[in-house]
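So, here come the structures, one by one.
Here come two complexes built around subunit A, the first alongside subunit B, the second alongside subunit C.
Entry: the complex of A and B
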């Protein structure tokens, strides 16, 4: 294969990995399920592949009070095995990702850094304002998902910086989640929707995948709910989402689904 | 003994499961080079100039003007060049070839080759092809082939409308899209110098098609072109005519470099440039008399053949012959054509024109039943062909006509009538809406019309006491189970253990031409010849009667190493006549018959369709190997379901939009419903042990049963596949049906 001639580093700690990344032409790989496909297109500029999948500290998952911390290199299968009880909404989303073989190697960190508008874990992370821990040789910073992803495939991650941890603060809530793909497995989303009802404060969170350059959090609609104007929400959603026509679906149908799923969710929490 | 009718394990299974089987890309030869194809980036253009940069010594180019023989891929017509000759007709048309030691370097060289084009207005659609507004691509009329007929007096019946109201007349326009084969192994060949010519190894269905095409393209005697099929990972018709083009490319490069040259397409190249199922458009009118009998059918059937003729004329014939479906119809009118467009050439695909035509006629019947207030099963029961009837072309169905049996079998197994009525009359609520649909169809066994007469398939069987029997045929194993089924036929014909029956490698220098591995013809036609050869061998050792033992008679009559052999060629039965110009007579030697029921659940809000169950009954004369037959039924049903629902392939200005398996959606195992396979055996007297074919048929009728089920669930009519949730949404919205509910 084309990548066999490239230099390959297999660091065992985050510090080692950051040192490996400090050189030009270094590309991080974890599961590689998206990355290897993408790198084929820009193989000329790659000099070195740095695998972070063997760094043990990135493969931890823990729950402290209401905070769930997921190491960036936790695979979907590992999550389902170790933590599926902690956040059933996320479990629902993860179970619908791709296929068992892909879930065995693809990672949470990879899904976030890949920043696809159709990323399957993203609407859930948006709904909970998940925090990303970024580390580099110069220090650490914590960034909310909505600030981390800036566009399709675009993030604020700097060269030499690594996403190491995802933190989710889990309140009391009920939820409604749907993913629409062209088939039942190995499918990229046409639309995904995640509605969360925070039961203590009676607030809602609405996140829409694959209908804009990044996942859309419907803050204005959430405000309408707070003001008791939930009847106005579906019309607002219709205007808010920005779907396109592509090989997978049509803009019109996607918009329709967003509105209908919002209605379903609102009906459910009545 | 007695292997026929038993589910003998596939002889090729163990090696394939263990990964021991060697596919074309697993093979390597000393000094072997890699070849790639430089393709047109324009839809329709004149090539003005080709600038090739200075190349390293170990990289070789090959252009159209270097072709040693004639620059066309021989099949029916002579319009498809091996390499574009001054003009390109579709995006992806081969222009130039490169060979060298490293594929990555060849791709870098490709980027530095400059081809200048001068665009010509391109033809995108069937409508544009027939508009007369564009310079034709093929002939004067831009049509590869037409077929038409008038049987009885359909015009007077359709004219009756509005006068006596004696007839009820319904009409519709039906469309089907592209379908890609998605054989798991992409196209691949290796060519090398051999004897006075070349040898080509490859993943392919038709060794002698390639032999002929290469002899012409290379200017060699057919005997100096040796084609050998190697382990083939699926084909579905996609490796029927296409490998001739690719084998030519590899052979040109091998002849020029003197070294073996391997060409393998990656999935993207394969999806973008190889042949697909013909898109179609059918305008159909159907008239019923007061007893709900079909009085007349009028059909206008058009296929998009793409930029070159390939097999379009025979695909068209098979489709045209299915225009009136499985129904008695004395008054019928057909006009049909395969047109030329600047799209990737369409070609052979499991079903071969029949899925397109059956989608139209079966949807016509489904829609008519609804309008006549009849259950679709009952309307079919009134009109289907039975033994003793004649087909639209006048062919007498004198035997092996299990149509009513298959129709009744699926109705009973799926409880069709009751479910259909209850789903139709249900009250809408939020639960998934259930629907059930049905279709009935045939598949003509062997080549259409005079095809078998023209190809005169030949098979040979050799036998010696020491080595057992060796069957010599050019028919290939491509995953369908041929090598097991033919051995079963051989073993029972000679009453030998199956371990003593061998099949010679399909190598054109070593086997006779038993024809291509296509047209659901292998078991019946080739198996039939093998059976006849075996019968002659029995005579040769004085064991003519089945009661006498071949093995002991052979030992008595033959020396240990003495080889006896028998060669048989296909003879058209005396009572089989076909007039291809007027569509009169026996269109096929025999027909397999099938009916299928599809059950679905439709989400009333999102219009996602989940297929719950498929019940498929097939009359195939005799199941030589029942598990392999079930495999064909299950695989074909699923491929038909993909064709009907998820397999969207669109083309914009000649460019295919779905160029990866992420975007071209075939069903996965999770999308696979329960499939109930019912085998009906109405023996065919001219088939080996009564057998007819089953390879293509299970796919053919699934789309109308699927769409019929969605219609049953939602109460609206659909006219086009693939039927996606997006299309259902639009239809309901445009019909002012509720697509939005109160909050």
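Entry: the complex of A and C
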């Protein structure tokens, strides 16, 4: 592979990693399951690869009251081992990602920064307005997922900035999660949907994956539910999602799935 | 008169570049099938290429090269991983097990007896996936076996006989 000529850095702390990233042409790798496929196409701007997968502080999961904090380099397998009971909705989503060998190295941070419209953890993170902690040599900032991802593969991450932590506030809720793909393992989603019913406040959260340039949170539909007009929600969803025809599915089928899954979710929480 | 300062400058620049480049030239150490290696190749070489080209351990195959087929499966610190998606530098200090390091005659025999091997290309990966499963769960259900090999593609025999082979080991 062409990238064998690149330099490689293996920082052991976040500070060291940020110093490595402060120079031009540094490319971050965590698990590498998406990155190494993308790197098959030569990118001249890349001068070195910075592996953050060995930074211990990025491999921690903490539960503090209702807040679940996931280190950016936690792999899916590690999450299933360490924290599966903390957020069953996320566990459901994670269990369906790719294959065991990929779940063993692919990371939460990678899924977010990769910003694929079909990213499997994303609808869940959108439903809970997950916060991302971004660090650079100039300081830290916290950004909501909806603001972090701006389009397919696009985020607001600046050069020299690193996603280090994902924070999820977990209220009491019931949920519905479905992922549609041609087969169970390894398939990218045709559509994924996550519906959450917050039982204390009787509010809902609706997030749709793979039917737009980024995951779609149906804020307007959530408002309709608050106003007691939930019959109008399916029609609104039909207009709200923006699926495309591609090799995985058709726009029409995707739209149909979104509407039907929403109906099923609304029925379930009645 | 200007010779000395220039020589000094050249030396100090050399020293500086050695210092800057040092990080990526730090000696890697990996253990493959119980043997310690200090690779001298680039840390950005894929683990798969290092195993096949440098160590000549060609039991690990390259199928798709993008994590879809599992033909390149190895164990890293006991965990199943696609070696086509890992850089050598990422496994510094870690222990790799390839098909050549597996000595499980019961499992091999079960694959043979059930006819789970046809062309054999997927077999090393299937065996590695089976071993990762059986180490964690010596008595898996059919569902768990299917889940464990879900990242490994076979294009000849189908999966029935492979699942049967793994089931046979479990019963013993």
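The definition used in the following text is that the second predicted complex is superposed on the first by the 267 of 270 C-alpha atoms of A that agree within 3 Å, B and C clash if a C-alpha of one lies under 4 Å from a C-alpha of the other, contacts with A are read in each partner's own complex, and residues count from 1 in each chain.
As a convention for this text, a residue touches a chain if its C-beta (ideal position, glycine included) is under 8 Å from a C-beta of that chain, and two chains touch if they have at least 3 such contacts.
For clarity, every value in this text was computed on a predicted model and none was experimentally measured.
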item	value
First, second, both or neither for A:99, with subunit B first and subunit C second	both
Touching partner for A:215 - first (subunit B), second (subunit C), both, neither	neither
Partner chain(s) touched by A:259 [first = subunit B, second = subunit C, both, neither]	first
Partner chain(s) touched by A:166 [first = subunit B, second = subunit C, both, neither]	neither
Which of subunit B and subunit C A:241 touches, first, second, both or neither	neither
Touched partner set for A:18, first subunit B, second subunit C, both or neither	neither
Touched partner set for A:267, first subunit B, second subunit C, both or neither	first
Partner chain(s) touched by A:182 [first = subunit B, second = subunit C, both, neither]	first
Overlap of the subunit B and subunit C footprints on subunit A, listed as residue numbers	99, 184-186
Residue ranges of subunit A in contact with subunit B within the complex	2, 99, 178, 180, 182-188, 230-231, 234, 247-250, 252-253, 256-257, 259-260, 263-264, 266-267
Sites on subunit C touched by subunit A in the complex	21, 23-24, 26, 41-46, 49, 65-68, 70, 73, 76, 79-82, 84-87, 89-90, 92, 129, 132, 147-148, 150-152
In the complex with subunit A, residue positions of subunit B that touch it	104, 605-606, 608, 646, 648, 650, 657-658, 662-663, 665, 667-671, 724-726, 729-730, 739-741, 743
Contact set on subunit A toward subunit C in their complex	1, 3-10, 29, 31-33, 36-37, 40, 48-49, 51, 53-54, 77, 98-102, 104-105, 184-186
